[in-house]
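By letter and in written order, the chains are A, B, C, D, E and F; residue numbering begins at 1 in each of them.
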């Protein structure tokens, strides 16, 4: 208990979380503070490259571990599974349309890389060991959730045909975006950087450490400042599309995903660091790759709903409360 | 050189649909088009702004194509029908050009 | 689908006045508008350029709104009078749209 | 205030030619112009896009100038002839303005 | 005397000042060299955050000092007072319209954060101790000058009513911009970073030092390159709106403000580091927050006049000659 | 022989070259990965400033060497000479129009600064000493090639008048762009940074080392990622304008230039480091300054041809195969 209070305190007073809070505050009081879009994009490229690269270097040094192999399999399973769970919960507890329920739940199957990175910082601070190579799991978890959601929507709409008449265009265009997800810049970058790290190894690491490691945490701060601005603005615009039951889903669903991961991981006997990070990946919700893909695949789904959920509800929750919570759980079950 | 009357079609559309609209225009009888950036806007669906968006969702672009006035209405109609879900607005207006054959 | 004649008002204005103009448009009978970026320009008051300015002072934006032609002149006049000090230029032209009710 | 009919000339041109076109407009009887950014386009010569270009070669800009309709055709013709090698397209259309003298 | 020559030499051969000179030169010879606007904005966000944060960390370590408290009070007084002095001098010595005189003088009451940062670099180089927390004074000095200028213009226009007939619209809209000044992104950022530094303290500092401290001076160089380009271009365009008397004001007014500060600070018995930095803040003129606010509050004032004055006359003067001068004065009176 | 294999291996597994490869790959598979234009421009400003500055600092420390003086002279000669050689080869072996042949060959007389920087990284890795001041040679080699090409085109068109009727507008406007080349932002920046390094010397170097040195190689990686994207996209669009003979020119011409440099340098008795870097400068082809100038000077030349040649053929060749090759040659002849 003391432990979690300490972790939570550590977390809430870290510059990273405080920068996010500053961004949210600035958005709420309508300040004109903003980070240029091109710079925000550059920071996200930097962060993706840096963690991908470091992950690859770790494998180059340690070799491929069995732990990582197991984590990869588990990650894909979770990414496919979570959208189904989320969909049925949303249909049972809220009045969201099927298409919006599918869209929202596919975000929870996919992942948020910034949540992952923020978590690794706390892991480090609390002295829990983990391998940077887990970032490979993050990469493989991005896309399956989207496929899963489109599949379930198809299945659902067939099943419901007699009751509900879904507009034909609801389910068109399912084919096209899958390719585009795999060609999505952030996935290519993450995997590419991973490979570059793997090939150039420790020698390469030493060469570019001055950019990839030293300023990393500072860049993360600025990125979270921008995320705070964004989350705040989305919250203000988007909250009118959500009712309390939908907002609550954005809070208990990540906890549920983390618990599910914990149970499955126990069967697979993962190490505590991998376990904690996998729980966090499962609990996090996408706000970049998935919205971009769904806007094309499911144009009738309302982006205000899914973006507000993942960006303005679940992301802040995970960043402040979720991460220390999952971490404590991971430590408890592992010891 | 004499000028020739043509029709200008302007299509304000979600940025995430850029590729699809380009593909659509390629299949229609359109010889060229130009895409312009957009900063922000307001309509029935509320405000949006290019600033502070993390990706293409929530951004818009303006496509402009100048075409033969005889075909303009039909082509505009087809565009309108195909991209309705991602449409901001679509307008037609009259312009004059020098090179008749080019459009 | 038939098209309907509307009027397009284009307002080139100082970027520092963006918020005020949006507020003004909200009070007028305008159903929507779109804002476009501008790179540079030249007029009676000399050159200006977006490049190398440190803040909004000295930048411009283009507001475009499409409205019912019957109201257009009055609205344009009001905009003109209110923002004179921050105005670049204001023009009106004719366009056609599909969705009559929207504008 | 009454409005006055003017002509709007729009010139889509290679960014590398920006300075030359400005200089050309200064020598012609043009009281002002405004330059707008362009994202990408497609025409006889294929695609181009502002994204991922390393310098001005391969980018375009849109120059717009509003002038007295009586002079418009001649001026547009001169621009067309001078910059042909760097030209995207050039169009003329009709607009209305409040301040007759300004243009 | 030797001292000031040494200081001036140090200053003029520092990469910071040389970069500014390069920028000005490039602008004068019409080179197309330019730093993308979004990157310039990102650099200014970085600089504001870094100095705000470091200021907060210093208070977290040292505690709130009496010296800082006194400096805060003095800063607010100066920011309110200087516009009045400037206004009467301008009205007495130049032919500027009242509205332009008020607009210009309000810039001199407010501050330039880059001038402040450049000065701290020289303080460090000359071994004078100062507390980074003085940046809090910079934050509180931004806005009062604007309020002061609007107030004095109102007062002046009432007084002059019988002689001069000021256009009604000259004095409208005085209310709106005050809010906007406090919500201005740079002020929120400076204060926010200050608080983040205060809360996360030394631990937070160590975490993000790799971005906030190590490349700081280099970023400052690039920022000053951009400032030089800007100042050069403004000078070329704006000089035609200024006559010699107005330009001279841009040089003696900062000296006057610095001397006034020196006198007031002696009464308050400030330490030499704080004194020097306060003199520099008083001497510096705003070119970001104030122009943005005045363009709305006083649309009839000519921006070419006030921007050219603060950006292309006073800023270069302070950067090259002013800072070493004020510094030497501060050292003289303190010893 | 072992040496070159080792060098090539070192080169091909360095993060720099791998990042370039990732960019090319992403372009080929049509990923939407892209680095914002403003950020790419900022990186190029950073790189130019950093190498210029370091070059100046080295002269400030070592003084002007005779080796550098000889290199400067040789650089200018090469920049003037190579376009003629290239032009006659192109006219003899390909069906390019005269104007396109002149345009292409002027790119090969000028230089690519990124190729130069990439080469210095390998020099360091292989322990060959060189002086950063050689960057001054890069600066003086940018422009002469353009003048040379315009000159030769004029001469050629006069000579050919009886056979070929060149459109009058082919040879207009030769005067204007020369100025603009010297005012080109990248040349001003390189020379300016060089001077700043020279004046502020080691003291200045220490001050901004945290930005100019430590993250340098990492920034170079990101820049090459962007170059890869660009080269890939140019290749796809531009290859249809080139036939095999033209493409081959893009590969043997750099080797020829390097050999020519080697011979001339032997006469001048350059040191091995300078020799290697000069060979690389001669072998590299411009893709920034020259295209921008020629688009105005020779509007009838097809930019798709010259940009594809220098960016998508010669740059990748030099980066992967050329650099280790020239380096090995330089070591062979010097020992």
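One rule holds in what follows: a residue touches a chain if its C-beta (ideal position, glycine included) is under 8 Å from a C-beta of that chain, and two chains touch if they have at least 3 such contacts.
As the structure is a prediction and not an experimental result, all values here were calculated from the model.
Student: Looking at the contacts, which chains touch chain B and chain D alike?
Tutor: Both chain B and chain D are touched by C, going by the contact rule given at the top.
Student: Starting at chain C, what is the smallest number of hops through touching chains needed to reach chain F?
Tutor: Each step joins two touching chains, and the minimum needed here is 2.
Student: What is the chain whose Cα centre is as far as it gets from that of chain D?
Tutor: Of all chains, A has its centre farthest from that of chain D.
Student: Quick check: more C-beta contact pairs in D-F or C-D?
Tutor: Looking at contacts between chains, C-D has the larger number.
Student: Validating interface symmetry: for the copies chain A and chain F, is the fraction of residue numbers used by both over half? Same or different.
Tutor: Comparing the two copies, chain A and chain F contact each other through largely different residue numbers, since under half are shared.
Student: Going by the average position of its CA atoms, which chain sits the greatest distance from chain E?
Tutor: Centroid comparison gives B as the farthest chain from chain E.
Student: For chain B and chain C, let me know how many angstrom lie between their CA-based centres, rounded off.
Tutor: Their C-alpha centroids are separated by 19 Å.
Student: Approximately how many whole Å separate the CA-defined centres of chain C and chain E?
Tutor: Once rounded, the distance between the two centres reads 35 Å.
Student: In whole angstrom, what separates the CA-based centres of chain A and chain D?
Tutor: Computed from C-alpha means, the inter-chain centre distance equals 46 Å.
Student: I need the residues of chain B touching at least two other chains; which ones are they?
Tutor: Answer for chain B, listing residues that touch two or more other chains: 36-37, 93-94.
Student: Specify, in ascending order, the residues of chain E that touch 2 or more different other chains.
Tutor: Counting only residues that touch two or more other chains, chain E contributes 34-39, 214-215.
Student: When you check every pair of chains, which ones turn out to touch?
Tutor: The complete list of chain pairs in contact reads A-B, A-E, A-F, B-C, B-D, C-D, C-E, D-F, E-F.
Student: Show me the residue ranges of chain D that touch chain B in the complex, using the header's touch definition.
Tutor: For this pair, the touching residues of chain D are 10, 12, 36-44, 60, 62, 73, 76-77, 80, 88-94.
Student: Taking the complex as given, what residues does chain C use to touch chain E?
Tutor: 14, 16-17, 20, 46-47, 50-58, 85-86
Student: What does chain C use to touch chain B in their complex?
Tutor: Going through chain C, the ones touching chain B are 1, 3, 6, 8, 22, 25-26, 31-37, 61, 66, 93-99, 102.
Student: With touch defined as at the start, can you tell me which chain E residues reach chain F in the complex?
Tutor: Where chain E meets chain F, its residues are 13-15, 18-19, 22, 25-26, 29-39, 121, 213-219, 221-222, 225.
Student: Note which residues of chain E are touching chain C in the complex, please.
Tutor: Touch residues, chain E against chain C: 34-35, 37, 40, 44, 169, 226, 229-230, 233, 237, 287-288, 291-292, 295-296, 299-300, 303, 307, 311.
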